[in-house]
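Should a chain be cited, it is by its letter among A, B, C and D, assigned in written order, with residues numbered from 1 in that chain.
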Amino acid sequence: MKVAFTSDNIAGASESVLQAMMEASQGDAMPYGNDDMTAEVTAMLSTLFECDVAVFLVSTGTAANVLSISAMTPPWGSVLCHSESHLLKDESTAPEFYTGGARFVGIGGAHAKIDPVQLKKIVSQKVGDVHTAQPSALSISQVTEVGSVYSLEEIRAITKIAKEANLPVHMDGARFANALVALGCTPAQMTWQAGIDIVSFGATKNGVMAAEAIVVFNPELAQSLGFRRKRGGHLHSKMRLLSSQMKAYLTDDLWRHNATHANAMMALLQDGLKTIPSIKINTPAQANMLFCTFPEGMADSLLAEGFAFYGGRWEEGVVRLVTSFRTPKAGVEAFVNSARRYHDAKLGK
Amino acid sequence: MKVAFTSDNIAGASESVLQAMMEASQGDAMPYGNDDMTAEVTAMLSTLFECDVAVFLVSTGTAANVLSISAMTPPWGSVLCHSESHLLKDESTAPEFYTGGARFVGIGGAHAKIDPVQLKKIVSQKVGDVHTAQPSALSISQVTEVGSVYSLEEIRAITKIAKEANLPVHMDGARFANALVALGCTPAQMTWQAGIDIVSFGATKNGVMAAEAIVVFNPELAQSLGFRRKRGGHLHSKMRLLSSQMKAYLTDDLWRHNATHANAMMALLQDGLKTIPSIKINTPAQANMLFCTFPEGMADSLLAEGFAFYGGRWEEGVVRLVTSFRTPKAGVEAFVNSARRYHDAKLGK
Amino acid sequence: MKVAFTSDNIAGASESVLQAMMEASQGDAMPYGNDDMTAEVTAMLSTLFECDVAVFLVSTGTAANVLSISAMTPPWGSVLCHSESHLLKDESTAPEFYTGGARFVGIGGAHAKIDPVQLKKIVSQKVGDVHTAQPSALSISQVTEVGSVYSLEEIRAITKIAKEANLPVHMDGARFANALVALGCTPAQMTWQAGIDIVSFGATKNGVMAAEAIVVFNPELAQSLGFRRKRGGHLHSKMRLLSSQMKAYLTDDLWRHNATHANAMMALLQDGLKTIPSIKINTPAQANMLFCTFPEGMADSLLAEGFAFYGGRWEEGVVRLVTSFRTPKAGVEAFVNSARRYHDAKLGK
Amino acid sequence: MKVAFTSDNIAGASESVLQAMMEASQGDAMPYGNDDMTAEVTAMLSTLFECDVAVFLVSTGTAANVLSISAMTPPWGSVLCHSESHLLKDESTAPEFYTGGARFVGIGGAHAKIDPVQLKKIVSQKVGDVHTAQPSALSISQVTEVGSVYSLEEIRAITKIAKEANLPVHMDGARFANALVALGCTPAQMTWQAGIDIVSFGATKNGVMAAEAIVVFNPELAQSLGFRRKRGGHLHSKMRLLSSQMKAYLTDDLWRHNATHANAMMALLQDGLKTIPSIKINTPAQANMLFCTFPEGMADSLLAEGFAFYGGRWEEGVVRLVTSFRTPKAGVEAFVNSARRYHDAKLGK
């Protein structure tokens, strides 16, 4: 089989992560996060984020997102997020479930980034009016659902509007590392220094098998999360399975190396595709995901050759390409070459 | 450190399980359970249970229990379970959360087994009366919370009462293997042939790191579980992490070997403790868990020596001892010897 | 004070309704709807709708709507409704609360009527995909939130799309009578014959103090509603308070007379305002509610004179005018005259 | 038909209440509680309770109870109440629904009053342990479900235990007036001065058609109740229907007069029944409800004569008798005479 750009969740895990899981699984350890390694992970994340953080490990990104947000809104609140966000598009009604039935309100904006003008309009609408869901929290995705990345200025502009309306802000960082590498800033700069209260610090898509950290910068919001995690059935008894993965992920900058590779492969892929006139880049990829439009027949031809990726879910001809920490360079080149061959054969040079 | 009888969740995993996790983590695989190994696990469980089953893998026992039960009751229903059950005692309000606010009603009975007489009285109470929570489902624990095991006759007697009142029955099988080994019957006999509709088939306490299978015998009850699992944030993207553990667990009867060892170590432990006059066996251990009462000072003395177990949570002097798939025989003997030494020294021969 | 067009919920009740409440409050009656009058109301509604219906009386419109819809969707479903509907705009998060956290999805369409093309696109999206809220029910408002009325053809076109996708359809009939009078059809034609499964048959805005009937045409959907109503705290003990109002409302066509008057007053009002060049009719009123745009200063001037209505909540200059069963003709004429005087004085003839 | 002791919810309303409803229904009034009369009711209740209170009017007792309690507990909390309380026995799963899935824990105690010893044991159990529902609120019923009345000392003893564990206390005062008259104390003494944070101040069972006031003494607990009431569908648009009833109920001590009559009739009834040797008083009636045990055949004989009351729901021979604000003295006497005649005829003098 040729290289697959289906998603970054089809790749396994980095060798050192697997090694760490193995080692951590030996011997006895106290359950439910009362083991040493879990404490170590919290310390490592505090160092990484340059401040004291509360950490809650879970095994899925949906759990990380909806638990985080559930700590931010009463059930009569509305949570503002982009209308194309993962929260609204791909997490079933987990958001409503975990918040006890809050309203999730989609806001527009180009390239799946929230438009500050629209946000400003809605953020303090009908405050105190019992008839209307009360704006209570904001969630942004970094990387976004279409592969774009908020600049630090953009994050700050948005969180400023939220904060002026007393709304805490969550960041869905399922691809946190890819965004950070793209921006070249520090984790602190991209989060609490930019107004983020809780981040879903994703690792599963970038080199671990199943581990996400809810990282809380605002201590008040952390108080209920232990109860919420247990109540959601997300408190692992053998927590070291999660903490060992996260520890390895944070050790020797593995997370950064993995994301750097994924982003570099995407850059190579994008640069290659740009040279093919019949392909249209829909949203320029800044991290490891690209939406582009192929000419008629190209997608089928590439799939027939053995490449894998998602298409047929969006507008006519639109495909999504995702690279990962283990996408091979040769695979990218082969893909571009195949696409070019198709173009040349069918559409002329 | 000496041997710990704290819980069966302090042990790691069997070697072959770890090996399987490692291997399964190589290469690409389709996400969300669309991988081959997940299909394989379903087939293996169908063979094991001698019927077609629907399987939903999750990573915690609480998730397995509350998702199972949520498929059985409307939010205005009452779910009957033993008043000492894990559901009522140790899963926060996850039961209420996942059922959308059903009522969980504790029923009494010796040794944490549901008393059929009490069950019969409550099972069809005020059916159709909108003022009263409607009896809708029954959940039993096998092994129970105090280490006893229902006989097949006992299970059948209880499910018969439930079925006559149209209540589906769930089995919390967090220690399924230990119970099965204790009874010496087949998985089919202990479940669907005895009237069970869904079992939480636990593996985490018996040799894997994190994997539980919701095994559904009643196809109608399976229909909503895919949606419920996703909505609860329990659908793993890299499902092979769970399926590989479960596959290894089911391969070459590992699950049975592990439970056989744990039960044997408990038998050894219990037999030893029985010979010490100052120790009272509260509930005779049939599987791998024992509640007994130590004379004053004995628990502290053993803890000071470096043994580990829970005490101080129940009546004066009551301790809980749990063996696992990797409890060493020498450790058990050392514990019994230490207890005997304490008895002899303090209480005379 | 001059006439108020604030809302139809500021008016009290028709004389015969009050009389009926008084009479019904004498003596003893069985509680919780087990009284004769409640049975009588069900019979009257069955006659009115020309089919056997199940009826659940409640005291608020929000309760009628959200209870109805809760019987139509699982918690992982999405409920489709107009983005300007009362459900989405004015009922807090009661919809999410009563459905156990379903998703409410706003659909566009001119004059607050659902656009069939948009509906068709969304109605069978990602069916069976656990990641996405599953289209499960449709709710339309008749009269709509801006005062327009669906024609029978329009209702049928929309319910046809829903039915082809297996979605039951709810009608929010808070202003049912006003819509019916506008269309000049039968209750059966506007509901079950046009594909409606449950209607919130509103009375409170049209001559009673507090009584709404959930009228269910699809017997299957009625089964859970008794439990849901009790569980929501909406089962009145002295049900005759509600049933007496509803009985009087249905007697001698009071409901039709009241709505006819309200609509006639609106027609008079609209006809008058149309003759004033500086006033723009936004949505032509078909029933008893009108949205129009006043020239600068006109609203303030009319309010200062003592008229009452809502403005300042929508686009610049937009006001909402609502007539009721007891809006006096002289009041309407006085309002039009005042508006005209303002126009003439400020904007010239 | 002869006098009915079925329940106090079978009686209609006092004349002045009906008169007030009629008058209040005339003319226009602002909706949703923004009318003058609703403000007046709050002022009257503040005077009555001798402190500033927040008031939320609703139309059912279940709504009053569950809304009150929902403001006191997080969804992972447990709410302590008597195992025979209305909350646990007669309100379906409304408690779980409104609290977002909290656990309701029944506590024992003679005559349906909470046993302080049992309460003390449970009130601070496993605080901070995420595995266990966290004790979060206490609810007591005054009058209790079996007709007994807590003394002020008893209330204080119980609330003291709760307060020491930081639990707010709710009083289900569906029969508040009957209890107060029985104790001969002030409303302040029986509530906030005795440690009550919120009372469901019932009126429906004592002379109005449908009106209950959630009276909040602790301002912090009042903050969310406006949102909760709307979200539950319990915010009446024509609020004056409720406020007029409550105003009349509070005017000229009507509430006290009605309860005094009901209690007096119960005293007469109880005194009469006590003189009949074959009748056993189960719980001495202190207010307007009595549980007693009739000899075989007596209940059937009285029902056959045309009297009405509930039996057959509890232990063999147990019947419940409830008097109301309009129970006629002659009816009570007739009942006692009939019972005596039966006794004399069947069981000898």
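Rule of thumb we're sticking to: a contact is a pair of C-beta atoms (placed from the backbone, for glycine too) under 8 Å apart; a residue touches a chain by one contact, two chains touch by 3 or more.
Since the model is a prediction, treat every value here as computed from it, not as a measurement.
Among the pairs A-B and B-C, the greater number of C-beta contacts is found at A-B. By residue number, the contact pairs of A-C overlap by more than half with those of exactly one pair in A-D, C-D or B-D, and this pair is B-D. Between subunit B and subunit D the centroid-to-centroid distance comes to 42 Å (mean Cα coordinates, whole Å). Per-chain CA centroids place subunit B at a distance of 52 Å from subunit C. Chain centres here are Cα averages; for subunit A and subunit B they lie 35 Å apart. Listed for subunit B are residues 75-76, 91-93, 97, 100-101, 130-131, 227, 230-231, 235, each touching two or more other chains. Listed in rising order, the residues of subunit B touching subunit D in the complex are 75-78, 89-93, 96-97, 99-104, 130-133.
Of all residues in subunit C, only 1, 4, 6-7, 9-13, 18, 21-22, 24-31, 58-63, 66-67, 91-94, 97-98, 204-205, 209-210, 227, 230-238, 241 touch subunit D in the complex they form. Residue ranges on subunit A touching subunit D, taken from their complex, read 32, 74-76, 100-101, 130-131, 134, 224, 226-231, 235.
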